[in-house]
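The following blocks contain the structures, represented as structure tokens.
Here chain A shows up in two complexes: once beside chain B, once beside chain C.
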Partner chain A sequence: MNVNREHRGQMAAMSMPALVFTVAMIAFPIIYTIWMSFQTYSSTGQVIGWGGDNYSRMVADDRFWNGIWVTIYLYVLSLVMQLVLGTGLALLLFRARRLPGIMRSLFISPFMMPPVVAGMMWLVILDPSLGAANWILTSLGLPPSSWLASPAIVVPVLAMIDTWQWTPYVALIVLGGLQSLPPSVYEAAEIDGAPRHKVFWRITLPLLLPTLVTAMVLRSVDLLRFFDLIYITTQGGPSDRSMTLNIYGFRIGFEFFQLGYASALMITLSIMVLGAVIALNRLRAAVEW
Partner chain B sequence: MTTRPSDSRWLDGLNLVLLVLAGVIVMTPTAWMVLSSFKPSYEVTAYPPTLVFQPTLENYATLNSQTPFLRYTMNSLIVTVGSTLFGLLLGAPAAFVASWTRITWPAVVTLMARMAPGTLFLLPWYVMFRQVDMIGSYTALILTHAVITLPVVIWVLLPYFDNIPRSIYEAAQVDGCSPFRIFRRIALPLVSSGLAVSAILAFVFSWNFFLFALVLSNSQTKTLIAASFNFIGEGSTNWGGLMAAATIIALPPLILAAVVQRWLISGLTLGAVKG
Partner chain C sequence: MANESAGSMGLTSALLVAMALPAAAQDFDWRAHEGETVTFLANSNPLGQLLIAHKDEFEALTGINLVVDSYQEQQMRQRLMTVMNARSDEVDVFMTLPSREGMQFATAGWYKDLNPYLEGAVAPDYDAGGLAEALVDAATFDGQFIGVPLNIEGPLLYYRTDVFEECGLQPPSALQELPEISAALKECSDLTPFASRGLAAAVPYTFAGFMHNMGGSYMVDGQSAMCSEPVKAAITLYSDLLKEHGPPGVVNYSFQQLTALYRAGRSAMSFESSNEFSGIMEGGERMEDTAIMPLPPGPGGSHPTVIGWALSISAHSRNPDAAWYFLQWASSPQMQAKFALEGIAPPREAVAESAEYNAWLGESPVRQQWHDALAELARTGTSEIGFPIVGNPESRQYIGDAVGSVLLGTATVDQACATADAALNELIARD
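After this line comes the complex of A and B, so read on.
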């Protein structure tokens, strides 16, 4: 296209504010954090050196490795539950075909509310002494649980709350995938008289894989950075059992103001997220049809 | 399939039952929150919990009298509306140019904000804003929340701009229309529904965002969501107030989500999934 100089200038003027903002508020801060992660601070916050101190401290820090473990445990548990339940829910919605608007709003409601609100409401429901959850358990003759206050099950409980919130989101993504599958493949299977479960495992699921991987990417990015819900409910406790890398880095940074060490932790977490996104994108390319 | 019609009807029934069950699981916790917010204070913590009670607005009144709730709400509105407008102002022309020139790498850079943990940005921002003495200011809150809204605006609008036939631009250019005029007079009116969707999603994302205001606001500029902590502190004695606060915070996103539900999934996945 033949764009003259004035046109080109106007195009630049239109994209420049967003570009300047992106550089100033997103790109530059990332570089600044990388730089801070290589700075050594004194106990009073003065820069006293430059090098890999923060990273060598990290590798020797038990709470860092605990953070890695909690992050991965919470990530894998939540992702598996949300994919399995989300696919199931999508199949139910797909079979029902017509979905009343009110039903759609209902399924949207958990993931549109702030995670902070979800945390407030589950805190009350799961209260160990007066919560409704333990009342249901004891009415059924089961022993009460201390839920978020229990070191042993705090991660599964957090995964459960996140699964309550995000399963409908995964379901709506998978439903979009189901609706875009060509009907001809089902018709062919029907003519062949293939049994229902075989149609699912041999036809529907393989065709759905790219959609499922997309859902995995979107959830992975959020789950590896799991923050709001934990900060509102447990703040990493009891005894560090829900201290994800993100929560740990935040507390190091803004409760102890060790900016250099917090930067190193956040750079490490970002590399984990980036690694997961790259790996899943490779996977998506492999299952694309 | 190999199933007989009666068999299929039985399965349809089972399908419906499971779907209703899923609906109940999804709805119950939220319903419990709303119900609790209308319970008289002595009944919120009753054990076993009560289901039948005399509804009252007492918790909402207490919330208003014991916390600067209106002030928090105003702060939330200032930051959310400000960052949404800022995101639209910068994002709409940028998305137009990205769509026209097919240069999308700057848009990809904004996605870094969706991938890196918020704390990674907070650390340098904290240093930067402290340097210019802007911690606790509305400006700092609006600018940082615009980091949330800008990618939403750009990525929601991109496919809308892509859908405009290029022949329209070319014809306008032949007629001597400048790019700026094409954007304002031709492209923008054609993507008005996209603008509405992106504005609503940006509003919801900004409203729901917790981390930045947690560190960058002060007692004067604290947003509703950053104040949640105060409510939880009070909540150990006052569950009714806590649930009333949670209900009010959840209300704007839930109402707006119901409005845009048809476009929600493609918007939430930033174009990765067509809804």
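After this line comes the complex of A and C, so read on.
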């Protein structure tokens, strides 16, 4: 017992530096940002006030509410598309066991691409005047589109690009889930003569739910802080229609130098991300089998 | 602006002192800082790329190790603001636009005052007095000289002579003729009649010329004047031109898209930066069928936009003396003569008058037109692209938003200007 206690003490002492370092690295930026969010800065970076002004300004700021709306719209649209298409792609890969390795690699290649490169590539493809997308549309006798320059469709277009890039990632996670499903339930279903669509809806999907929720958690964190693709392609435009909270906060902080207000926006975004993760983790616990 | 008169007096005296100190110039040694390191934060525009391309010459001349950190303009500024806010010495020298961030950075104390350097180690042939006075004044705030001018630039109207000829059109002689000419071009050609910047943050660079030529001014009696009749007329003219005759997706257009479109032969008129001249002429296709002119005058006369990039030393630099050598080298008559032959308009009259530069201009009529247009900008231009306040960079966003919302049809001009006025008056009050 004494040896154990001594051993534990040694372990605690030895892990303390790493623990302190990790806590400091996580806690310091958060505490510092919270502290900054209660300060008001001038355009030259000088602190000119202290208090809750940034938060009251936020509530009255139309662009903040627009940012919340765009963030949620983009999040829901992208997540639904990626889960549906990712599950479909995973089922395809699961059934096509003899698919050559090169084909599998091609399927998953988009998410290996840095988002900045993907953004630049799509910017060129979707250029309304010189891009390939409109060339294809007009060659087929269809009217050209403004794509990323259209206030009406800019968010769906961004969701499409993100879906192109991240669906394979979701597919890989779901494929892992499919491979771990117990074969005995499928054998029983086969003996009972259950049709394929019923096997999918009644067996595969319910058993896959924990995996799908894991994929949702992983994608949710990225989607709620959606940044690089928008920064490269639209910078929040046209007319703020793709101005997510993250992009808005970044521009306020690093272009207009209102570090206090930007911090308040980022704290709010962090709370949103944390809330989503907690909710999804509870959901995961509920669907665990 | 108030800073200009005070500033020019301070600078003039500094320049006089510098020129009256031949002893310091005689002692000057380019290798005085051999072995030291200078970090240069560069904008990867054509000017920054040229500085980087000639980096080896600077290192060979001085023995100073030049570390280059290069980004696109927006990213460069974001990095700079992070570094400066942290009072870091990571950056010794950086490129800056005094017309944009000059007042903001000077008020924040981020620039090293260059007046003492002009009185110290100056190369005998540097000729500080030869730098364009207007640009020197624009880089002077409260008597502090914050950056040596590197170039002179402004938006110019590039147009296709072959298309105009084919359509039987003359180039515009007044701003109000642009819609009519664009409509005629639309009738007789497949090309986009008129292209200019539409991206909110980039719009003021091209819009300011329209606004001034229509007789407008951003501020009247210390308040935002976006809803004054001339400014509203300018917003309507500019956004209608782009809406009716601009390229699809123009709301996301900045200089890269404009250059690509014009170079590819897809626009008949393009109002864009003089700095893009070499980019537009790349490949030589547009060399023979392009003419260049300043923006035509409007009811308010001719007040084209003219600005210049400058090179500054960070107030937090731990090696400002070696950094000053880089500034001198980059803005020296010899280097600026080299840059001029690459399509960077020189901020020194002596370089503009040199035989070599004039021979280069003489090789093509369009080069001569480019130079003549820039000379007119230097003579009659104004650098007021955003509001003349500390929050100038932020003011540009609100100007761009007003134009953008009318262009997209999400607001009437009255709604757009009222929204802009509210935001801008709040910004003016804050600063």
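To be clear about the criterion, the second predicted complex is superposed on the first by the 258 of 289 C-alpha atoms of A that agree within 3 Å, B and C clash if a C-alpha of one lies under 4 Å from a C-alpha of the other, contacts with A are read in each partner's own complex, and residues count from 1 in each chain.
Note that in this section a contact is a pair of C-beta atoms (placed from the backbone, for glycine too) under 8 Å apart; a residue touches a chain by one contact, two chains touch by 3 or more.
Just so it is clear, the model here is predicted, and its values are computed rather than measured.
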When chain B and chain C are modelled together on chain A, clash or fit: clash
Residues of chain A touched, compared between chain B and chain C (which is higher): B
First (chain B), second (chain C), both or neither touched by A:Ser146: second
Contacts of A:Pro115 with chain B and chain C, given as first, second, both or neither: first
Which of chain B and chain C A:Leu130 touches, first, second, both or neither: both
Touching partner for A:Pro29 - first (chain B), second (chain C), both, neither: first
Which superposed partner A:Leu19 touches (first chain B, second chain C, both, neither): first
Contacts of A:Thr234 with chain B and chain C, given as first, second, both or neither: second
Touching partner for A:Glu255 - first (chain B), second (chain C), both, neither: second
Listed stretches 128-136, 164-172 or 200-208 of chain B, narrowed to the one that overlaps chain C: 128-136
Residues on chain A lying within both footprints (that of chain B and that of chain C): 129-130, 254, 259
Of all residues in chain A, those that touch chain C in their complex: 42-46, 127-130, 134, 144, 146-151, 234-235, 237-240, 251, 254-257, 259
Residues on chain A engaged by chain B in the complex (per definition of touch): 1, 6-7, 10-11, 13-15, 17-19, 21-22, 25-30, 32-33, 36, 89, 92-93, 95-96, 101, 103-110, 112-118, 120-125, 129-130, 132, 135, 139, 164, 168-169, 172-173, 176-177, 180, 189-190, 193-196, 199, 211, 214-215, 217-218, 221, 225, 227-228, 231-232, 246, 249-250, 253-254, 259, 262-263, 266-267, 269-270, 273-274, 277
Touching residues on chain C, where the partner in the complex is chain A: 74, 77-78, 81-82, 84-85, 104-105, 107-108, 192, 199-201, 247-252, 257, 260-261, 264, 266, 390-391, 393-394, 397, 401, 404-405, 408, 410, 427, 430-431
Chain B residues touching chain A - in the complex, by the definition given at the top: 1-3, 11-12, 15-16, 18-19, 22-23, 25-27, 29-30, 32-33, 36, 45, 47-49, 89-91, 93-94, 96-98, 100-101, 106, 109-110, 112-128, 143-144, 146-147, 150, 154, 170, 173, 178-180, 183, 204, 207-211, 214-215, 225, 228-229, 231-232, 235, 239, 242-243, 245-246, 249-250, 253-254, 256-258, 261, 264-265, 268-269, 272-275
